[in-house]
Amino acid sequence: MSHLLELTGVSKRFGGVQAVNEVDFHADPGEIVGVIGPNGAGKTTLFNIVTGFYRPDAGKMTFDGHNLVGLKPNQVTRIGIARTFQAVRLFANMSVIENAMVGQHTRTRSGVFGAILHTRRTVEEERRIQLKAQEALAFFGDRLIPRINQLASELAYADRRRLEIARAMATEPKLLLLDEPAAGMNPAEKDGLIELIGRLRDEKGYAIVLIEHDMPVIKGVCDRVVALDYGSKIAEGTYDEVASNRQVVEAYLGKAASEVQ
Amino acid sequence: MRKYSKLVLMVAVFAILAAACGGAGAAEPQQCTDDPYGCVVVEKDQPIKVGTLLVISGPNASLGLDSQHGVELAADYLDGAFDGTYGEIKGHPVELVFGDDGCSAEGGQAGAQQMASNPDIVGVIGTSCSSAALGVADTILSEKGIALISPSNTGPALTDPAQHQPFYLRTAHNDKLQGAAVAHFAYNELGARTAATIHDGSPYADGLQAVFAETFEQMGGTITDREAIQVGETDFTSVLTAIGASSPDVLYFPIFAAEGGLIAQQAKQVDGLKDTILIGSDGMLSDDFLNAAGSAADGMYLSGPDLSAFSGNMDFYRGDFLTAYKEQFGGEPAAAFHAHSYDAANMLFSAIDKVAIDEGGTLYIPRTALKDALFDTKGMLGITGELNCNATGDCQSTATIGVYQVTNGAIPDTPVYSEKASLEG
Amino acid sequence: MTAKTETRTRRLPFERIPVRRIILVALSLAIIYGVVAGSAATLQTGTFSGADWRTLVVNGLARGSVYALIAIGYTLVYGVLFMINFAHGEVFMSGTYTSFFVATALAESGYLNEHPLISIGILFVVSMVVSTVVAIILERLAYRPLRGAPRLVPLITAIGASLFLQYTFRGLYGANVRAYPEIAAIQGTWEIFGFDFLKKQVIVIVAAMIFWLILYLVVAKTKTGRAMRAVGEDREVAALMGIDVDRTIVATFAIGGALAGAAGILFVFVFNQVIFIMGFLPGLKAFTAAVLGGIGSISGAALGGLVLGVLEAIGPNLFLTGANVPSPNQLQPVVAFGILVLVLIFLPGGFLGSDEEERA
Amino acid sequence: MALLELNNVSAAYGPVRALEGVSLEVNDGEIVCLLGSNAAGKTTTLRTILGMVPAHKGEIRFNEERIDELRTQDIVGRGVTMVPENRRLFAKMSVRENLEIGANLRTDKKEIREDMERVFVLFPRLKERIGQRAGTLSGGEQQMLAIGRALMAKPSVLLMDEPSMGLAPILVEQVFDTIKEINELGTTILLVEQNAHVALSIADRGYVLQTGRIVLHDEAHALLEHPQLSQAYLGELD
Amino acid sequence: MNLVRANFKTGLVGGSVIVYLALVGILERFQDRNVITGVVGLGTTLVLLTMFGTGYLVSRPKDDGTSQPFGEGLVAGAFAGALTAAVVLIFEAMLGAGIQVRNMLVSVTPDLLDLLEFGLGPGLGSVALVAVGALLGGLAGALRLLPEDVRGAINYSLIVALALSLSEPLMDGILRGLGIPRRWLYESGGLTIVGTIIVVVVTAYLRWQWMRRRDQIAETRAHMPEDRRILYRRITLVALVAVLVALPWVVGPFISDVLGTVGLYVLLGLGLNIVVGYAGLLDLGYVAFFAVGAYAMGVLTSTASFLVKPENAPFAEHGFTNFWIALPFVVLIAVVIGVLIGAPVLRLRGDYLAIVTLGFGEIIRTLVLSDWLAPYLGGAQGLIRVPPPPPAALDLRDPQHIYYLILVFGLLAAFVVSRLGDSRVGRAWAAMREDESVAEAIGISVIRYKLLAFAMGAAVGSLGGVFFAAKIGSIFPNSFGLLVSINVLSVIILGGMGSIPGVVVGALVLVGLPELLREFGEFRLLIYGAVLVLIMILRPEGLIPNKRRQRELHEQEELVTVGELVTEEGPA
């Protein structure tokens, strides 16, 4: 059976730097894959390639039967891949609910005329957008729902993270890419995150790929871990396998960190 | 409730006051009720209001201000002296209401509406630019029966019988006269057989060069190149190089001082134009142009009204008038149109004087009669020549156009060529 | 940007005809065709001689040099404050116009032609000082209160300030155009490489290069220059480095103003004319030049200015004459902006601008 | 006697209260860490010390002198500086220029050169990349450069805002080692960290902030075992 | 001594303002305008007002305890007067020495000096300047000592009197139109003495009453039952509509014409709002669509158009077609041109986009001006004889008639724009404006939505051009300069970006007011520029801000910290 997301021999250069070097990568439905590696190893670049922000220099990419190469970011979203950003990037001056509603964009189609004339279809569609957006927000219990009309910029940091995920959920993806979701979180918040990612898989059935530096989080949720260094894949396997890989320890984890685990 | 009662009381007080001040008007004379546009009523001790609708803002402002100064001086001289205070007509002081035509159609419309909506305005001196008048100000004011006399519109269309608006007149030369006169001069006097023209995208310049080119070609000459420039630019060497490629005998550029000056200067730097004779028109017939062109202006020809044909007024113009101008407005005139506007204003003033009916201190000025008096202006001696208004409002219908040659950085009093031209001819 | 590298396994249902790309290619082709065919036709007619072309290029370089100097001021302010100082053209005008009165006084006393070098020096100083002062006042009154406001707000303020300054100077000095005294020493021609060049044009081009070089060194090598770049990148961290942000911004405006003042004197060398609106069009051209070269880049502004100047000078004659377009030089803005669009289609950051996109 | 002292300081971003009566002190030679959940006011505290956020109540003293009315550059001139969150290097400038600009207020050319050498001893990687633009460095190298840049100002107190953020585990270790080293060379450090355990392991003392107030402070080792510590983290106000 | 030093600076600023007003010629020109006829002209009023304002400003109560308002104002006012006096004396001395000041400063006329010297000659005049400055400054300071309601009443009544006097051309027309006697109030362009007294007394009284009862009224309003409130809202709405309908007949043809022009700018503003306000694309060449609308309508309907059989032009009876048939085609043409202009430039960001759009505006202006296209578009001679919209019976060229047409289309455009803003499309634009790459990542085709914004903006903007052609009947290239683009942009930013009522208010302030100030023609653009700067500094969010945008502005610091986080892992 083919994988949901499959990358074969994907490469990308920036000037003289080989940012991603012949990486093979895949993710299956319902799977949580962690991507680790030192700063500058090409993790975010990989995300950017998958989501159409960069075009790979070489390699094949398919998702759910579609060829991913050459698609624009908006088309990638449409076929079912959603992402968050390393630094939270919300539409700061739109309200919480609006942020989530924008997520529904690819799943709806009403245009200028519908908007002006308020045709029945548009009105119904608008109602559906509202509903879906609220549904996505409701996933976070009472964290976001009570703040539905606040501006995104008024949210506390952790809630911004949540909203970013809710917005991604509203695109109704099959695959969710999370870029350092634990960055800037304290231990307590990280525990919450681990639980949340689990729920996203279990309740929503998403496949999830996450980049993370925080080993407890990786350990806590990932079925499979892929380690990158200098753009190349250096290890792949369960957390324990990867964490005990000598190359990974030397390049990335460091002595102390591996001891802590 | 108490508040409202006070309000009512106040309104009542106003009403009484107002009624007391309003007074009962005297019966209007017969001429007013007969006139389809009625009369302008100037009550005792109230001023006679004359509007100006000239370009006084934006890049063309110096042109309009120059014309406005002409009107101000005319009002000043009503009492026979340039003393900085406006004179009177039939015991009523003249008051000027300054408008702005913006040198554009929309500016002309707004300005004309402003003038039209003020029933005290007797007549308007304007507009500066043809685009503000044509189909805009001329129509709006004619519909209200307000005379509009332009000191600087030269476009032939404005007084074309098919388009002429009944209350529109002008003291500026119709392009037909001036453009043709320049062409005659170039072909006959200078012996030029090839010519090039430049206009600046203004209807004025474009119109003049078109008439010139047409006449020149009719006479048997060849137009080698017709070019245009953008107002506000400073480097015209590219245009001049292009024109210079065919080395015409004459280059006619009836534009304005700033760009005209630069073209005069830069033409000297272009090899192909070394022997080309430069000619401009009344848009550049001013010290402003001489300043802008510097020594490059020497030898150049400029067309305009032949002032020397009227030696009596000439002295007045060079003497009292220009002195007063410099005194009051701090500098040399920027264009030639102050003279036309001075004449236009005087035309209006004398027409008012002619038709105004005095009834116990209150002045009644019938609008149609005023218009008729204006169109009746014949043989009036202005500083731009003899004013003879024809049926379509051209008051320089028989003008003497002179072509002056700039010598030693000045425009001499006598032209090198003078042509008595007539629109009817 | 690059052509397709791979065939698709499965076409997406929502892939539509790439309208934008078609327009883009068609437009580029049209412009390129117009340029090439027009030029070919013009050259075939032989309307212009080689000397004509040479003159046009030198003229273009001279006017381009003035654009370049003004553009550098634009770019400097942009690099530090990321605002388009729309009133920069008026800063240029203010110094130049004021120096007119000094020049007239010098000319009337005869000093101007007796000691041309000293006189020119005085004029440069006067013009640069006035422009600098106006630039500083502008920053203090119109822009400083708006630090941190969204970018469109200072743009509007700048436009307002531009009108305000134009009409202030009109009120002060009058609406008429005034002829700048000619300096006899810089009239006439020099023979270089066997060709005659107008002295004033050579002076302008050389002076512009000198000013550009000085400024380039100031920004690249001096402490003030470094502070300016630091403030441009991150104002807060710059303060953290002990840089006086306010003073640095004022310095930026002052340098930009001084350059504008200098550009003004070079301008009147060539064009001998001052009027209150003289700053507007050169300002606009300089803005265009700055963008063409890559806004924020000093060398880019210089290059953009020269390219724009030459393009304006030869473009209409070269591209349009052969195509039998009447009054080709009237269409100068069409040519200049048409080429600008073409350049920006292929180099979205201008000649030397950094393409700060995260997308490659 | 405290080197840096905050006395009942309150600050706000517009209408949003960020700090409420914060008092803390940092003694000469110490590493003090400031802990707390997101939006507790840690970064604001650092920014207030440096005058980037005005303190509208209370006083801030450095070396006995009040600095709460001074402008940022003047405070830096007195010997307080910061490694900001997310490094914030001058990305278009070279590594060397970034270091030089750190010493912007100093005029002692010779010593500046020596200090730069000292930074290179601390971070040899930077020396290799001296001509490279800062924006092209990797995350770890950027953090090194940010610290190096701050050291070039020769501060007596160095404020550090989440120096471990976004770094690979191996680099986090190195960064904390470096912080210790810097401290041992005589620089007093006030550290903001999410990673409480690592931070407290090198700190002398710690303060815990919660919604703009100090709720706990103690010696580092005592704080590590304090039951309220994890509670403070969980205790987001909602 | 402290009193002197502290107020020295403000005094000098005040004095500088007076000197500035004098040197640019405002004082002398404005003096021709009566404020109170026979008593004081506008020039003198400005001098006095500046002195008064200086005193009023320095006497504002300080945070820390009491100050001496009275003295502070007096000192500052005196300094303002003294500086002016010094400048006056310098000029007098220069004139005395035979130096032609006016060769440089053209506005320094004997009249001006006379005005500043209160007609008392240099010596006595200078003393008077200082004395009057001190007196007015002191008065202003003393005013600060009065209780708030009294002070408010005085300030208010003075402002109203001045405003009434300045709006004489407008008010005179309105009073005339309504048939209300006006001689008691106005005379020779200014207020009468009696009128001034009445206005001041009445407004002071009303204001005083209002100040005293303000709380009470607010209280009543706050406790109003919901149904009552809805009723009031409806009444307000009906009243608003009634006012809009009756307006042209109340204000007369001139103001109607101005309103028509304002309406054109509202249309343009609404269109540009889509491009700049909604989609965040800085377009400095919006005039292009204005020109396209006007010229397309002109070509299609003018009787002088090249489309009309040449043997009939220019005096054919009809154009190629009539206004109503042409209208949809004009909009279509504009949309096509919008897409054509948009397509090549949409990948450009911010200022690059700005200059390229500006370029397109210039290209269009140059093309319509050009000799090249003159056979089709009229070139320098313009496109004239554009008939008003049929039926002829309605006489839609009359400003009081076409007002309704513009009003209807303005409302329609506002409706469309507001509906768009609240839709899926509007959200996509907002997202795009906030963060283009994230919007793309969320599934929004940025290119398509940018093109859509350009097309919609072009469509609405072309309506402005359409009515311009219909309203004026003559189309000349110089009506489509860069200043129009700048004006429209200023209108929407000044009004408050993204806010529809803001566009209306912005257009009224920036287009309506200058039209009313026509008589100050020379200084119109100077005042316009100053107003732009002042409003932007005092109210950067615009006069009627869009709520979202307002918050955006007031939480700058917050935004900075959000911005800090935006550092992606670079391609290392």
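All chains are identified by letter, namely A, B, C, D and E, in their written order; residue positions are counted from 1 within each chain.
One rule holds in what follows: contacts are C-beta pairs under 8 Å (C-beta built on N, C-alpha and C of every residue); 3 or more make two chains touch, one makes a residue touch a chain.
Predicted model only: the values in this text are computed from it and were never measured.
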item: Steps needed, at fewest, to go from chain B to chain E via touching chains; value: 1
item: Farthest chain relative to chain D (centres taken as mean CA coordinates); value: B
item: Furthest chain, CA centroid comparison against chain A; value: B
item: Per-chain Cα centre nearest the global Cα centre, belonging to chain; value: E
item: Top-ranked pair of chains - ranking by C-beta pairs in contact; value: C-E
item: Distance between the centres, which are taken as Cα means, of chain C and chain B, whole angstrom; value: 38
item: Centre-to-centre distance between chain B and chain A (centres being mean Cα positions), rounded to whole Å; value: 73
item: Centre-to-centre distance between chain D and chain A (centres being mean Cα positions), rounded to whole Å; value: 31
item: Averaged-CA centre spacing for the pair chain D and chain B, given as whole angstrom; value: 74
item: Set of chain D residues in contact with two or more other chains; value: 84, 86, 88, 138-139, 166
item: Where chain B touches two or more other chains at once, by residue number; value: 61, 65, 201, 226, 228, 230, 330-331
item: Touching two or more other chains - residues of chain C; value: 170, 174-175, 236, 326-327, 330, 332-333, 358-359
item: Sites on chain C touched by chain D in the complex; value: 223, 226-227, 229-230, 233-234, 236-237, 239-245, 354
item: In the complex with chain A, residue positions of chain D that touch it; value: 37-39, 86, 138-140, 162, 165-174, 194, 196-197, 230, 233-234, 236, 238
item: Residue numbers on chain A that touch chain E, as the complex places them; value: 14, 17, 19, 39-40, 43-45, 51, 53, 72-74, 77-78, 82-83, 85-94, 98, 101-103, 105-106, 108, 110-112, 114-116, 118, 122, 125-126, 129, 151, 153-154, 167, 171
item: Residues of chain C defined as touching chain B within the complex; value: 47-49, 51-52, 55-56, 59, 63, 170, 174-179, 182, 198, 267, 270-273, 275, 277-278, 280-282, 312-314, 316-317, 321, 326-330, 332-333
item: Interface residues, chain B side, partner chain E - complex; value: 3, 10, 14, 17-23, 47, 56-58, 61, 65, 84, 95, 97-100, 103-106, 109-111, 113-114, 116-119, 131, 134-136, 139, 155, 157, 162, 199, 201-203, 205-207, 226, 228, 230, 330-331
